[in-house]
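Each chain carries a letter (A, B, C, D and E) given by its place in the written order, and its residues are counted from 1.
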Amino acid sequence: MSKVPALELNDIHKTFGDAEVLKGISLKAYDGDVISILGSSGSGKSTFLRCINLLENPTKGEILFNGEKLGLEHGKGPDLYPTDMRQLTRMRQQVGFVFQSFNLWPHMTILENVMEGPLNVLKRPKHEVVEYCEHLLNKVGIADKKHMYPSQLSGGQQQRVAIARTLAMDPQVILFDEPTSALDPELVGEVLGVMRGLAEEGRTMLIVTHEMNFAKEVSSEVVFLHQGLVEEKGTPQKVFEAPESERCKAFISSTF
Amino acid sequence: MDFSVIVEYFPRLMQGTWVSLQLIFLSVVLGGIFALPIALARISKNPLISGLPFAYIFFFRGTPLLVQIFLVYYGASQFEVVRESFLWPILREPFWCAIIAFTLNTSAYTAEIFRGAIQAIPVGEVEACKVVGMTKVQMYRRILLPRAFGIVLPAYGNEIILMLKGSALASTITILDLTGMARTIIARTYTPIEIFLAAGAIYLVISMVVIAIFKQVEKRQNRYLGPNPVKLPDDV
Amino acid sequence: AADKVRLATEGAWAPFNFIDSAGKPQGFDVDVAWALCAKMKADCEVVTQDWDGLIPGLKVRKFDAIIASMSITEERLKVVDFTNKYYSGGLRFLGLKGEAFNIADLKGKVIGAQRATLGAQYLEDNFADLATLKFYDNQDNVYLDLVAGRLDVVLSDELPTFDWLKTSGNGDKFEFKGDAFLKEDNIAIAVRKGDKLKDKLNKALDEILADGTYQKINAKYFPFSIY
Amino acid sequence: MIDLSGFGNQLLLGAAVTVELALASLAVGLVLGLLGASAKLSSVKTLQWIANGYTTIIRGIPELLTVLIIYFGATTVLMAVAGLFGYEDYIEIGPFAAGVTALGLTFGAYATEVFRGALQSIPKGQNEAAVALGMGRVRTFYRIILPQVWRMALPGLGNLFLVLLKDTALVSVVGLDDIMRKANIAVSSTKEPFLFYSAAAVLYLGLTIISMGVVYFLEKRANRGIKRA
Amino acid sequence: MSKVPALELNDIHKTFGDAEVLKGISLKAYDGDVISILGSSGSGKSTFLRCINLLENPTKGEILFNGEKLGLEHGKGPDLYPTDMRQLTRMRQQVGFVFQSFNLWPHMTILENVMEGPLNVLKRPKHEVVEYCEHLLNKVGIADKKHMYPSQLSGGQQQRVAIARTLAMDPQVILFDEPTSALDPELVGEVLGVMRGLAEEGRTMLIVTHEMNFAKEVSSEVVFLHQGLVEEKGTPQKVFEAPESERCKAFISSTF
């Protein structure tokens, strides 16, 4: 394991209007880390994750990818904007993002959804891409649906496609924002299964989730956010079994 | 361009505007009154009841208003029976012919708007009526119609604007509405651009007033709607 | 396109100008137009345009001349030039057969005319406060409403009405009322102010009057001279 | 076809003109609509302002007046503009060109709103998904957004086309030989208003039905594989 | 307790097109019974509940309310329609229904929603209704919101209003169709609390739910549906701890 973190965030702040949603969050993820981010609704988990690849513009802070700092500068408002769009685009290609609501493109088939990135963004040759993407769809267990459209799939299947779409870019880090919370209880298992596989492969992942058992089982580190700050962090054993903070304790006990 | 003609003929343009407003007001009110029963009949699952309103709506939405006006004004009066009937005192007047054509036309469009609104009410709200044991009449009176009224407003505002614009066609059957007056003035002054622009500006002002009124009404009527108001389906 | 002469007519003023079932303009005006073109050796085109758009259209150069039985009036002279007359007419009232008629009786009656014509102007000037006036986009609609009973009396040019009484099958129900008036009504071709075309047209007009072409055309439509 | 005193053929010729006018105006209107929607959604204030002015004015003025203003006014304006460039010759704006301009402007103003609605109805998440993959803004627009706009806008555009089809009748007042004017001419000559206006109505209904069929077919094609909620 | 069941369903069948969704379900609910209906997604739970008060027209079967049989007859299709609309309306007034998605009427305030039934359907005098409905809103804990509109309330609050609206008709039996599954995890508790109170009052209720702990605790009887048939039924002890059927066993273990 290299000594440079794959992803490093320093003192990330974010305000929406008058509300300070993130009040300075720092985090390091080394290759192979699986970091779970917990916290009650509104604590800023999604906002933090979205700041990482600038789906949301932070108001303060540093983002480093493999030790390379993402250039940020102030625009008109309080937000920070990328100095160099090409640097950002390059970084985004290496940081995957899996959304709560899948966000598949409804006008493309499953296979087209997955191929879009490697084919049109990375400009890989088509035959290679087809083969690789079919392999990925196989891996997430929906190779047989590849010519169907997203609306013809169940939520769990759609989320697995979304994961395959992210994997197709072969990102170094994958961010997951509550990937199972839009799913019916019975479909959650399918997606968690796929994610468990990725963790075992040694993928670097940041996961926002409400599935405590899952977090406990796969994480190398757990971070508990509260009102825009890191309230508690450590190994799953520590955070789940012997949390120091009262709030973390209350949260853990209410959700188990 | 010679804008002094606009000043000179402004009082006559105002006369025409007054006629236009009367035409619009009467046909919108009458059209609205007829539209509701037509819409309710159109919703019926019984083809014997919904067939006629369907054909009615299809005809009046599928043909130009200009054709409809000519049919009412010149077409109907072609027949001896019509001219001898008790309706003749009304049908001989171009003003009432315009009202008839406009009312038939706008009631067809408005009926479709009502139908769309009633059908856009989430089915769950209808089921909630059923499960408290409301009769059909109670359900329409207490829930569906008040609800539809709120949904209908934006589309209905649009329909009034369309009627406002359609009313310009009254000028083709000798009525001195705003457009008719403009054309008559031009027959004297031969200054089409100036007078038509002036008339256009007056129409624009009227439609802005209508839009502003509807914005207010909508705000009051729909104050209960949170961030996700029910939208009319596209095909209305 | 510069030498092409576009002549506009209305197409709803039988027998002077109308559109036949093949969609072509026909009539006295149109025949005269072609005869003039032949004399001028010009490349001509006859287009149609609704009556109240004729002078506006001429002004914005949609065409170069109007040959549509247009009377020379002072108001028109302010915006266009006219050639010499190519025929003359007069105004005459038209109403139900058998009813007694007196100009004074028109008070309170419904009188119709075509918008932007000499007749309409006469009515506006003399009857605006006395009777109900109705103006139409074209003369055919005036007749339709007269037959329908919406109009008591119509004021229009005598000659086309003469033709209408003869050919429309309504001659047994309607008749001229009173005598023709404004007989000095000279009908001519309108051109843009200062356009040289006027002189060419006048010259050609003289030629067809001189060589009998005009008389032949006249005879095709009326059993008497309308010049 | 019934003979209609020899005018049946003329009415059919008129129908052809009506269709040509409607299709030409549609093409102009679609372009204007896309431009208008892009302007309204752009962050440039001036563009928003122009687009808002355009849609407000056009939607507040009767189509009949728009036709008349363009027919009588556009030549003057155009020639004045051309005069600035030293071009003095006559510029023809016939009834057809005036009709296409007026109806295209009208269609474009309404289509602006349809396209805007369609653009906005595409869930933000789809855009974000593309951005998160490292797609640029332009590629995201034409790979992800545009293909869906067409599908979302189709029903609205279909309605607008039906309105446009009927508005073509207005161009008859400036002398275009469409269905309506042919019917007027036939009435002039035969004194049978009821017959000919009814015939015109039937023709318009026929065109409406055909257009509805085409729109239905297009919608079905555009919605291949996409289940409607 | 009377010997006549408050609600009796015999051999209810329902087909949608070609699909037979209910294949003959019978059930008796005596006064004071709390019956939970479990089953995986698509097993027909909602359809069954909706057939009871004819939100869905069954294709075969009998519905008895206090021993009175609801008149049903065939129409054009395969469905059964009520012979006498007035009988159905009367019956519906006595059988409450609480929806998954609340279905409050958005153009009426909270209080108006609750008053609508007693005032305009039962035609009770206004002053009485106002007093009674305020009492009910108090009972479900949202008396302070009575002049607000539904869109201004959270999901959990809306569902409590919906329950109050149903209670306002003073129904003999209340049907609940997954009343908490449209709610965020943190709001579920509020609604379950209200329902627990109703169970303790001795209300007769049929509840479709995924909340196993709740079902276990409040039910007098549990019914497990599978593919349109009753696969297992009995006391909560029996169904949850010693299910006979394999499928029921699998379902129970997967959801706990």
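As a convention for this text, a contact is a pair of C-beta atoms (placed from the backbone, for glycine too) under 8 Å apart; a residue touches a chain by one contact, two chains touch by 3 or more.
As the structure is a prediction and not an experimental result, all values here were calculated from the model.
K.L.:
Identify the chain pair joined by the greatest number of C-beta pairs in contact.
P.N.:
Result of the pairwise contact count: B-D comes out on top.
K.L.:
By mean C-alpha coordinates, which chain is most distant from subunit D?
P.N.:
Centroid comparison gives E as the farthest chain from subunit D.
K.L.:
Round to the nearest whole Å and give the separation of the Cα centres of subunit C and subunit E.
P.N.:
Here the centre of subunit E sits 82 Å away from the centre of subunit C.
K.L.:
Suppose each chain is reduced to the average of its Cα coordinates; what separation in Å results between subunit B and subunit D?
P.N.:
21
K.L.:
With chain centres defined as C-alpha means, what is the inter-centre distance between subunit A and subunit D in Å?
P.N.:
46
K.L.:
Taking the mean of the CA coordinates per chain, how far is subunit D from subunit E in Å?
P.N.:
Spacing between the chain centres: roughly 52 Å.
K.L.:
Which residues of subunit A are in contact with two or more other chains?
P.N.:
If we look for residues of subunit A contacting two or more partner chains, we find none.
K.L.:
Could you list the positions in subunit B whose residues touch two or more of the other chains?
P.N.:
74, 78, 172, 192
K.L.:
Can you list the residues of subunit D that touch 2 or more other chains?
P.N.:
72, 76, 173, 187, 191, 193
K.L.:
What chain pairs are in touch here?
P.N.:
A-D, A-E, B-C, B-D, B-E, C-D
K.L.:
Spell out the residues on subunit A that touch subunit E in their complex, using ranges where they run on.
P.N.:
Touch residues, subunit A against subunit E: 40-41, 184-186, 189, 210, 255.
K.L.:
Going by the contact rule set out above, which residues of subunit D touch subunit B in the complex?
P.N.:
So the residues of subunit D in touch with subunit B come to 56-57, 59-66, 68-69, 72-73, 76, 155-156, 158-159, 162, 166-170, 172-173, 180, 183, 187, 191-194, 197-198, 200-201, 204-205, 208-209.
K.L.:
Please give the residue numbers of subunit C that touch subunit B in the complex, ascending.
P.N.:
The touching residues are 52-53, 55-56, 59, 75-76, 79, 112, 115-116, 120-121, 134-137, 141, 144-145, 148-150.
K.L.:
Can you list the subunit E residues touching subunit B in their complex?
P.N.:
Those residues of subunit E that touch subunit B are 53, 55, 85, 89-97, 99, 101-109, 116-117, 120-121, 149-152, 162, 165-166, 169.
K.L.:
For subunit D, which residues are in contact with subunit C within the complex?
P.N.:
It comes out as residues 5-7, 10, 13, 71-72, 75-76, 79, 89-90, 92-94, 173-175, 177, 182, 185-189, 191, 193.
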